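Before anything else, here's the structure in question.
As written, the chain order gives the labels A, B, C and D, with residue 1 at the start of each chain.
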């Protein structure tokens, strides 16, 4: 029988003995803790923990363990969620014309870097169709105009709901999503912005960076919220540029950043390493 | 006899044959070009060049060569400046309480990294006095209050003028300089800002970065202009941070960035590697 | 009419006036120098230069200019080569089972990052066939066994000769090439080694790195010479690892390095930015 | 009353329930766990943990808690050590002529980055005397010749024993220590080597790097063992170099690496973040 791994994520007000209490519950049910990472935020007075354990050695039903965790959660005012490695997450990639992040995610997935099923690619342009086909992923072409914006987004929602999608990845999807869409899939949409946020919010960040004359450019992956480019930052990276670099050079160098920064964010999300609190992320590495 | 190195910096509208024309002038006077770096900005239509040559092999007086360059400059609408390695630049360091950049510059100077004389340290706090003394540098304590701000700045100007200072380095000097001061020493004041500009302008950038939840922090050295934290950027660097880092940790990590970023900017300026055009820098490496 | 760009690369013993002499020749023939980068090695007493100029403004035939350069070369004991942007270089990619570098090069090529034609993909495994096909590139499957090694290499040579290949890229090609092969295509074979050379030469560098407990891993692209993993280094990069990383994690992190390091080396080679001298490279950026 | 922080470090064969067992012991004695980091090495079958807890809330004597930990250690075949923040570690810095690491450590200590007392500076050169004096640290000048090597080392041992030194930092100390010395202070001597080990072992690593033509240079801090430059690596960093950099430039760039890499290693050691197992380190960040 294959090993079944479980990941427990926990957020609660900080107090004495939390680690021991949670560890005891798991220990009593025969769970073997493989990995445990924890963070206390002294300013917020909050406690965060990620525990990975072997769920194939549980002495009772999962439901029994989860009941006990629920009880403990009540006691500690703790919010929690648990995931199991046998429950493969389903991912939808939304993209436009630029295909470097799309390719990158599909290749990484095939290499085994991303523990998920890529259930579909959705694009407002037809150009990505042969790419999705090459990797054997369903492709949906949903073109969009100013007039059809709402209808197109409704079609996207329908596909995502029908496809039981757990995570939406905006791989250079150049459409702004409506607040309603964003609210519906809270903490389940990851975007890549092609600047070192909060610098260069909005359109054409590479041109903005060029005109400012910065010596480094960056990329930022973040959860999408109603405020454009303001959601909790998951990952960032920078690369050196110089006066020799044209805007096109910044675009070229930036593509490499965008790919790795987005892929890291997606992988960490899928591995339940990311917690959001107060507009920021805790990323357990 | 010691070698005398000359560095020629040139800016002019781009056109055919500039490189050949300048090289011919130097060649005709017996100058041996050691190093030549050049940049064309196709958008601005401008040409920039830095040439380092051995001036000890000149067949005529320097004045003769400079006359010919002046003639060529007229022909090409070229602005230019020339410096000689025997003309040691004089530097004043302005600092407040934080002494890491001050120490860093003084140590690098003693190790031979900075081709200049550090003529004085000026501070609004007395704490830096023993540091200046340890390195044998003159120290001037000019305390400042809201009421004495203008008078103190006048005293700074007097010291700088009397000391024939070529470059003013703000090594975490926590006073905003007046527009008149800045205008007087244009392209001769280098500041270190403790963020990756243009993100986190103004006060407490590390706290701003902490509250935003960025995954990298940065430091930026720039020429000081009348617009606070907006002058031409000379150098930037970033370092990785995580949710584990408190504001104090950001401050600690940032200190290392500030030191190297400021030191690089100062060294490049002293080596005549930096040209300013349209609010941005060309840094010939 | 399209602009025709020419790139001139020059190596000769250092002496006074070389820059002026070359610039004069170009200027006299109406060439507009767009970019010029130069390096003097004081230890070796050698001079290196790369000049990019607009060849569409030449007042005479190219042959006339080249004759004059030949004459100057005799005078200066200078070796030189010139390339024109209309002469598209032809590239062959050799690969085995690991396909991340293959994908990466093909995607970059399609995005316009690599100024060349990718004329063929050769592999000892059939797995890369659909990848080549997806990008419309000819694929040749040349399996190899211990017994067929010499014959397979002969078949590779035949394909490369027939295809008039200018550059051979070993994109994780896991076969050691014979000294005869390497000699035949000197300075025309670029390999990617998955370590920070000279550390971890030979097989399984990620396992070697894991066992040594290094805190950074690297990748190195280099020209292939008869000495395994000892050829002139073109580009290197490192990434941070920790005790948490298994060998598989190193392999995953390393893939990202390998892709960018190899792609940079290939692009720089194709842009005539790389000169080899005394077992090292000069890379004009 | 000030908070008393305790740090418990643990190594034992991996098995189910270790985390819960240790957490229970601490919880039962009123310890408030502030931080807990843990690592399982599946290849070695070993478990490693670092727990930081508030020892000022203990309900019994420390000795009682330690007795219980001793009992648990017997049960789990666990080696462990505990340290308290009130027990300030005593550090000796050994140095030669190059003073950048010495300055760096002394400045960081004064800024509060290094939780220790710097009890003495020992050097085989007198040049460091005014530096030690400037920072108010005792200085011992112990010159060394080929003939006096053993006697000088004996004098060093005497100073270290008399000064009850916990950690010896080799801040560019250019003397090879005897196996007896190294054995006496096992896992208590940290060295900085000026290369990216295992590349460029031994003398003149910057010259070796220059001659190899690498595109990055590095620095490595490690515990000193009997095998020169082979001890467990604590921290490494690299920086980009190019064909333009002379050996002197590598030395200059390398100094910045050496400073931060050594300082990080020393700080992590003093914070009990470093465990050694099988010739490698686990560094809990």
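Criterion: a contact is a pair of C-beta atoms (placed from the backbone, for glycine too) under 8 Å apart; a residue touches a chain by one contact, two chains touch by 3 or more.
From a predicted model like this one, the values you see are computed outputs, not experimental measurements.
Least step count on the touch graph, chain B to chain C: 1. In terms of the distance between Cα centroids, chain B is separated most widely from A. One finds 37 Å separating the Cα centroids of chain A and chain D. Separation between the centroids of chain C and chain D, computed from CA atoms only, is 42 Å. Touching of two or more other chains is recorded for residues 244, 285 of chain D. Put simply, chain D touches chain B in their complex at residues 99-100, 103, 107, 111, 113, 130, 134, 244, 252, 255-256, 260, 285.
Only residues 39, 41-42, 196-200, 212-216, 218, 232-238, 242-244, 246, 279-283, 285 of chain B touch chain A when the two sit together in their complex.
Note for the complex: chain D touches chain A at residues 16-21, 23-24, 26-27, 30, 32-38, 40, 57.
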